[in-house]
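First chain written, first letter: the chains are A, B, C and D, and each begins at residue 1.
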Amino acid sequence: MNKVLLTGFDPFGGETINPAWEVVSRVHRRKTFPELQVEARQIPTVFTTSIEVLRQAILEVQPDVVICVGQAGGRSDIALERVAINLNDARIPDNEGNQPIDEPISEQGPAAYWTSLPIKSITARLRKGGIPASLSQTAGTFVCNHLFYGLQHMIATEFPGIRGGFIHIPYLPIQTAQKPQIPSMSLETMVEAIEIAVIASVQHDRDIIASEGQLH
Amino acid sequence: MNKVLLTGFDPFGGETINPAWEVVSRVHRRKTFPELQVEARQIPTVFTTSIEVLRQAILEVQPDVVICVGQAGGRSDIALERVAINLNDARIPDNEGNQPIDEPISEQGPAAYWTSLPIKSITARLRKGGIPASLSQTAGTFVCNHLFYGLQHMIATEFPGIRGGFIHIPYLPIQTAQKPQIPSMSLETMVEAIEIAVIASVQHDRDIIASEGQLH
Amino acid sequence: MNKVLLTGFDPFGGETINPAWEVVSRVHRRKTFPELQVEARQIPTVFTTSIEVLRQAILEVQPDVVICVGQAGGRSDIALERVAINLNDARIPDNEGNQPIDEPISEQGPAAYWTSLPIKSITARLRKGGIPASLSQTAGTFVCNHLFYGLQHMIATEFPGIRGGFIHIPYLPIQTAQKPQIPSMSLETMVEAIEIAVIASVQHDRDIIASEGQLH
Amino acid sequence: MNKVLLTGFDPFGGETINPAWEVVSRVHRRKTFPELQVEARQIPTVFTTSIEVLRQAILEVQPDVVICVGQAGGRSDIALERVAINLNDARIPDNEGNQPIDEPISEQGPAAYWTSLPIKSITARLRKGGIPASLSQTAGTFVCNHLFYGLQHMIATEFPGIRGGFIHIPYLPIQTAQKPQIPSMSLETMVEAIEIAVIASVQHDRDIIASEGQLH
């Protein structure tokens, strides 16, 4: 039986909830896929510690696929992240007060890692399912990119059989009820989106060919 | 028993569905409020005809409250319209090919009508319910504003006991699945929003005092 | 000789400059049009007082055309305002601490006034001149709309020979240098834009027919 | 005497001008800095060829600093690019009809290269000069990122003494005159911006420490 590890962060940046954890914990509980074991773990929004907590979860769950999910406040669609960069540059402190500026995540690691999720297959399936989605070429320089880079670095150096990557999701409506003109997406839509991503990630060992680039 | 008439347009502008009709027809079918009679009617996205169809629905239903709902493609929240202006200026043809430019809706009517819905009460209740909402000072110059003006003109001249107004809603996710970076809102959230608007409109005969203006 | 009165507000909302005054004072000083007398006056960003100061300027200058200019922070183009509404709803206090909510500007005035500037001619000329411009159906509910309504009300009741209206302009680049991802427009471009608006307003006693409406 | 090579692309994507070339060619002609030799070269918006043309220009000019400039249609500020990724994914064909999808730029090259321009110094100087600017973590996946990666790869493998990087700039106003609500920046402002970038790049051999990261 294929095992899938999902992660979502705890709230940060003044928010009282994090849509990533709300979504992945529900996917965990729904058990939509009888042929899969899907486990969700919460990750602290903290540099370094987040990667260590992820490592422990991987050792415990022994997953075939790892999908880390994070909040992208202000985006309107599901963002399949293509590349993680070896850089921390924190605009705000993390949940333990760390605010690294222009530091590498790994002294020995490469400048960037590519996702190993079939992100174009996932994007195509999401759109076919009526869910707005697109590829993203930057996961930022905060803890989301940090964890994404850490995951790919662990896959490259410790867990070579795992397929993994990162997905950014919008705010929940309840988070933008007091923020004028900021997009959101409902919990139900995002739970369905992550379930589609799970299935596509298990089924596609190669991605499809499709133009999804950005001009700038 | 209070009677509420909801209207939603048919699809226009190349869309195959109109979220306004999807939402109000579901509110009609759900019958959430045993103490209310809620009726939904579809309105053609056609100048003049839309107002005539609305008049027939009012004569038939004899409502206490009329809420017309329309699609505001690109918005991210529920928009409570404050004012209807006496002007048609169509950027695209309506569903029968009419494209009036700078023509008044009513030769004798005033330049503008105010909504008679308690829009600040509705906005406050929506936000309290976790649904993004804001006031809007323009319903555009196409058939939405046309119907809104027509409704308020009929209330002023033919149906003085009715409380009425217009609400704009975002695209559904399925409409933006192929439109990058355009916000949407789920059907469930929008159905809940219109139900909140219905209840608030029936209960509040005076609006609350709250600052909801725009600087420009 | 045709006389044109331009107005621009003093800074408000935490800004130290107001692009409206920067622009109209330069148009005044440049004297680009030998056949026109162009006078610029600064208007305080204060409810009621702003209209009174405008009245005194009109009495003094005796203009044929009045163009009031205001800052629309966040817009990216020149906005030709179509309609002023009879409503004050202040999101922030004005420069003397007044913050009216849902009060009419004129107890006896109509719900709205149309601009009497040839806004579609101006828009066409601006675009032909390479300057982004569009029509706007709302000037907000703060002092800009207040002055715009006051101007049109004075034209309707006291100064019937005057042609007048309101133009909103973006931030200057210096105002957005610390505001990420907020559009701006250079002083030179905006000075040229207002000069084009002046000339078009003097020359066109009737506006052109062109579709410039909004869907919502 | 320090030598600086600036590049700008020819028009692409249906545009008749490219702001990048308009700007760098003016910086070349203005000769604002008597102590610098600034040379501008036009680069074709074509995969592979663009890098080869850049190599020939470097061999000819023998610059100390290379700044490649590109159009970022829709952005509102000067974007200092932080990282180039080893990937071509073309949403539209280039100017010779090539449309690579998910191909590496260099088979042997690393996943990404960092800019070697002092981008935080440049950003700070631009803002101090009243010009909106910010860091960007993605230059896209089209010819801009392609040339940026090619430049850094040549610096790493052929021209180790050069400091180089990429700057994205907004549309010119004339390009958005017919595109509603799309930001632009004036030619004068952008010429000044690139001159500030030139001076900062020559003077700063180390960048400043400043938080300029993105949350996502």
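The rule is short, and it goes like this: a residue touches a chain if its C-beta (ideal position, glycine included) is under 8 Å from a C-beta of that chain, and two chains touch if they have at least 3 such contacts.
Since we're looking at a predicted model, the values are computed, not measured.
Looking at subunit A and subunit D, not one chain touches each of them.
A rotation of 180 degrees, rounded to the nearest 5, superposes the Cα atoms of subunit C on subunit D. Centres computed as Cα averages put subunit A at a distance of 38 Å from subunit B. Averaged Cα coordinates give subunit B a centre that lies 47 Å from the centre of subunit D.
Under the contact definition stated at the top, the residues of subunit C that touch 2 or more other chains are 75. By the touch rule above, subunit A contacts subunit B in their complex via residues 75-77, 126-134, 172-174, 176-186, 188-189. Those residues of subunit A lying in contact with subunit D across their complex are 13, 70-73, 75, 79, 82-83, 85, 87-92, 99, 101-102, 110-114, 137-142, 144, 168, 207, 209-216.
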